[in-house]
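Each in structure tokens, the structures are laid out below.
Look for chain A in each of the two complexes below; its partner is chain B in the first and chain C in the second.
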Partner chain A sequence: MRFKASIQNITTFTKLTASLNSLGPLAWVKLSEEQVCFTIIPEQGTQVWAVLSIDSIFRDIFVQSAANNVINLEVPLTSLNRALKSALNATSAQIRLTKKDNMPMLALTIVTTASSNALPPATANNDDGFDAPFDDEFGRGNRETIVTQEIPVRVLAPDTVAGLHEPQCRDPDVHIVLPPLMQLKSISDRFTKLALADTKSGSGTIASRTRLELAANMHGCLKMSIRTDALSISSVWTDLNNPELDPSQVVGGENGIAAHPSTRMKQLGSADGRSDEGWALVRIDGRDWGKVMSVGRLGGRVIACFCHEHALVLYVYLPQDDGDNESVLTYYVSSYSA
Partner chain B sequence: MDIEDPPILTAVSSSARQLYLLLRCITSSTKAHVQISEEGLKFSVDEASIMEASAFLDKSLFTTYNFNPPTPQRNPQQSDDSEDEDLDPPNTTPTFQISLPALLETLQIFGLTDPNTTKQSWQTSAAFSNNVLGMNNLCRISYNSLGAPLSIILTEASVRTQCDLTTYEPEYSEDIPFNRQALAFKTIMRGSWLHDALSELSSTSPEQLTMYAKTVRGKPFFALSSSGTLGSARVEFNNQPQPSAFRTPASTNLAAGAGTGTDAGEQAPTNLLETFQLLDPDTVLRSSYKFSLIQKAARAMSVATKVSIRVDDQGVLSLQFMVEVEGGASGVGTSSGGGKVSFIDFRFVPLVEDGDEEGEGVDETMMQYGDGSDSGTGREDEDML
Partner chain C sequence: MVVLNFTLTPQAASKLHDLLVCLGKFSDTVAVEARREKFTFTALNSSKSAYAAVTLDGKLFFTKYECIPSSGGPDGRFTCSMYTKALLSVFKGRLYDPLGRDGAIDRCEVSVQERENETQCRFIVKMVCNQGVIKTYKLTYEAVDVMHALFDRSVAKNYWSMSSGVIKEYIEYFGTKTEMLDIFAGEDGRCVFKSYTEKISNGKEILKHPLVTAVAVSTSDFEQFTVQAGTHIVISVKDFKAIVVHADTLKTSLKAYYSQPTRPLQFSYGCDGLLCEFTLMTSGDYTGAPLTSTPAPQTLGSRGASRAPLTVTDRTSIRSDMPPPTEPASRRDRSGRLRNPGSRQSSSAAQEDPESLFIPDAQDARRREDDEESAWAPLDYEKEETLGWDASADHDASVFPTFRDSGSMSTTNMSDSNEVFEPTQRVSQIKGLW
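Up next is the complex of A and B:
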């Protein structure tokens, strides 16, 4: 079982692990030469199933195993994130699977060039790291620091992960492109704070009072609201985009779209968000939502799929230089009952 | 019902921040009384009936202000409080309570999204951004009928936030009586000076604040003195800036707490105390208040341009702050452009003088110092006083 790769985009990888880490401490990482999958299944809260194209974080990947060249690992995200943070200024970084005292480890080798005055800073900031190794190898009189961070991991047998499946969800009632997540987060955090500020005077558990209601319609509206004894507050975004369904992706093609729940939802509601009809609503925990929103730092496009009173599925598309291999993070947030 | 009765209040302000800055000054308790009248909105809070604070949002702060007094017959659903109904009909100013922290948080929602909208280019181009057009802070306050929630609607770009604040029955509370007709003392000074003085005094975390006012040879003299377990300190305000350079050391001699010479006379060539009226100029007015309560007015002091300090014959202290609100809405509004002025009022019930030795002691020290400076230590002080 062998795995070795250069990290192409340390910043993205760091941000990714940081936002995943907010949802759970352990990730199931599935490595193959085509893609790398990060899956977080916390005991409670939001599940993440992220599928990343190799070149969004890695380069020169080599994966070899007895099981169809797929390696499954259980990785502690806090350690991984901490290790990656120390690599933020690195000229290059490499990750590979090793063994130490019979313990499997992910070894992160970070090469940093101590910048002497003579060194043009461009080398250090060279994002794709293409020239850097050569410069370093042939030496320009720079001192090179190599740091290796080892992260203990657990290798998961194919049988172990065979039982893990991505949640199945019925066709969403509403799908909508979310406004910038950081904006959404700032408002939802404020809502949660409002609800908690009221704690002293009211009753009920903390979990029940930070319950956000999130709803959207097929007319470009998103509504976020929270209710406490003292107030009920809601923010409505309008003029958002409801992407059209692609007939080739829907079971049954054109007919499938005609029968799709979202087509029915289009008949209801209005674009100014004032109508009571046509909303697909989910109830989520405000603090959990805040954690999900932290993926906003990756700056991707987010499509939210609402299954009324059932679940919310977020597809976060990472910004990609080449449009071919899209990386997508899928968040499954289940709705609380009323 | 909606069709029959127009909403009791619809008010639109183009600056939620303005309202926030004013209301923030009185934030001390969780619930605030709101009184709606023809002239504006009055928000008031009280603390154990020994302090009350109120902020008045004049209707000129709003670009639109429509008040329709409710008809005397109240809604049938409010049958449980028949006593109130008996009391209320002649009084057509609806009063209720709301959660003040909730209101403040709501008004601040813009503070959060504003920087985002300016930073992010997903919006329209900068020239037409809502920030430039001054449209970003539109805030609509409405109160439909008695018992209905107070709705705050904030609009910004493509986000509309509506907050319905639950309105609670007003608590029966009497205003702290303040007799404007029988003022024992009145002075006006800059709010920041009072703020400076108070923050100087607060360093020893005192328990009470005593106010002295007297006239010495026709010249006003005003002092704030704090006392607590860690000691006491005093800040004095003397009118008549002294041309002499010796004035400052002399007056620090005067101050009981060494470091408290916030003798703003140095900073101000003009009169420190704009107005100074003492009912009985021959005696020293002395009145004590709980320091922690006075401190609740600190935020108002820091933003106020002027403060009018009044004490009535019962010792009740009234601090009235004149706050010049930033002219966010001035261009649009019906007002005369420029800076609009709002008032924030605080009232404090004095601590009862038990006439014990400690109290007397303070007084004596005060008098000693006063006499001492008058007669001996400094000629300059004599002149000043």
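Up next is the complex of A and C:
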């Protein structure tokens, strides 16, 4: 079993691990030479199934195993993120699977040069402060430092992961491109906070208090609202984009689109978001939603698919992708019943 | 009856703050030893594995320094012990502020009150602030006997020194929660700082094991490096971090002296009349690598010899007595790549505007990045958002003719209500309004 790769895009990889880490401490990582999959299945809350093309994070990848050259690992995300952070200013970084004392680990080897602000001070009694230490800088090597970070991992047998399946969902009623996530996050955080403050002395579990209602229609509207005994607030976005379905991707082609739930939803509701009709609604936990929104740091395009009173599925497309080998993170948020 | 008076500039007082923060990481109490010529703070940690001494020179560090111990003549001393936290609440941060903002002082006067005709013995600190405000603090102290850890540098054949700023970069790579630091002098012209934790458990727990971080530094990055190749020396990573962070506040070089594992190691640094010495317990070669019989090659640079003091010749001769342990496997695996760094530039550098005339400030960029990062983090709803409340009572209402109840009235009111409200009180605590 061998895995070795150069990290092509350290920033993306670091942000990815940070986003995933907010949902759960452990990730199932499936490595092959075609793609890398990160899956987070927390005990409760949102699941993430991310499929990344190799070149969105790695370069010169080498994967070899007895099981069809696929390696399954369980990786602690906090450690991985921490290790990757030390590579942010690196000139190069490599990752490989290795064993130490019979324990598997991912070894991250980072080549870095010290930044200029850490140059050695000039002589101790350098009073004028203008005596820049250039001699030292050029005289004492190029300050190349090699940092190795060893992240403990667990190798998962093919049988262990065979039972893990990506959730299946019926065709969505509404699909819509979400507004910038930072905007969405700051508003949902504010809502959640207000709901928590309002009912601090009241009854009910915390989960029932922080329940956000998220709804969208096929006319470019998104509505977020929260309701408690004392308050009811909502924000409505209009003029968002409902992407057209691609007949080649829908079962049944053109006919399939005609029968698609979203086609029916197009007949209902209005573009100003005032109509009561045509909304597909889900109830989600505000705090869990805040964790999901953490993916915004990757800066990708997000399409939300609403299955009315059932589930919300987010597709996050990494920005630098070029059509063919797309990297997509899929978030499955299930809806609470009323 | 001791006489101890000294005066500090704001800069010196702020240095006192920094060193107390550092000593506070070793012990809850700090011991003071004042002599005619110098003033020393010492701290010993609870497991007695680390001893710290910071010596302040009477002439260089202080604006004015006077110490006449009650007995002992020229070698006499005054010793006592105080809570580090108590001292820190007096020597706060930002005592020195060139812009003269809140908290800045003009000078600091310290005296010890220990006379037979006075009932209280106190350590008195007067902070003379701007606009004629004087804050006086009276601290209690405990009379103790101060002991010092002895360290014989002539036995410590291994020696290195390095800019504290550079080492500070290295410690930032270390994972949180690690315990040990192994400083290893390799035979390939590299020195490895490795932070790790002794194995704790197996099975599922293995994933909770902290990161193992090894930072391999070229020995030419050291200002001086004279260490027997193959020497492993293990100390506490927490102590090392505390020392490096403090050394960096002084922007000096950190010097290390040691002989072999299980013998003490000393870190030393200082400038402008302030000298810090930390004597730490070390533990053995944790890898337990078998010793080979090949003598250590004399690779440790002509450069070191040319810079180092004369004693270096002695050191090199002794060095060959100790054979090095074999290289651990983890390093051997990597050695092929050591001198083949990738040519790729870091992505953050690539994003910089090539047209810009300004060199980006790395720290500034990092701060911006941190801000950005925290904005994306899930919000911590436990964190209370409160309005600031100035409890300093500086704006005393009595200055203005305002109405107030008679003294007796207000005291009875106070004793009536058993419930004490915080200045920022929850709405839910107000009874009867709603």
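In the analysis below, the second predicted complex is superposed on the first by the 307 of 338 C-alpha atoms of A that agree within 3 Å, B and C clash if a C-alpha of one lies under 4 Å from a C-alpha of the other, contacts with A are read in each partner's own complex, and residues count from 1 in each chain.
As a working rule, a residue touches a chain if its C-beta (ideal position, glycine included) is under 8 Å from a C-beta of that chain, and two chains touch if they have at least 3 such contacts.
The model shown is predicted, which means the values in this text are computed figures rather than measured ones.
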Contacts of A:149 with chain B and chain C, given as first, second, both or neither: second
More chain A residues in contact [chain B versus chain C]: C
First (chain B), second (chain C), both or neither touched by A:273: first
Partner chain(s) touched by A:296 [first = chain B, second = chain C, both, neither]: second
Contacts of A:193 with chain B and chain C, given as first, second, both or neither: both
Touched partner set for A:9, first chain B, second chain C, both or neither: second
Contacts of A:309 with chain B and chain C, given as first, second, both or neither: neither
First (chain B), second (chain C), both or neither touched by A:182: both
Partner chain(s) touched by A:234 [first = chain B, second = chain C, both, neither]: first
Overlap of the chain B and chain C footprints on chain A, listed as residue numbers: 182, 193, 200-201
Interfacial residue positions of chain B with respect to chain A in the complex: 30, 98-99, 101-102, 105-106, 108-109, 112-113, 116-117, 120, 122, 149, 158-166
Residue ranges of chain A touching chain C (in the complex, touch as defined): 6, 9-11, 18-19, 22, 26, 74-76, 79, 82-83, 86, 88-92, 94, 98, 100-101, 103, 105, 107, 109, 111, 114-121, 124-125, 140-141, 143-154, 182, 185, 189, 192-193, 196, 200-201, 287, 290-291, 293-294, 296-297
Chain B contact footprint on chain A (complex, rising order): 179-180, 182-183, 186-187, 190, 193-194, 197-198, 200-201, 228-240, 273
Residues of chain C touching chain A in the complex: 162-163, 165-166, 168-170, 172-173, 175-176, 190, 199, 204, 206-218, 220-221, 223, 251-253, 271, 329-330, 333-334, 337-338, 341-348, 362-363, 372-373, 375-379, 381, 385, 426, 428
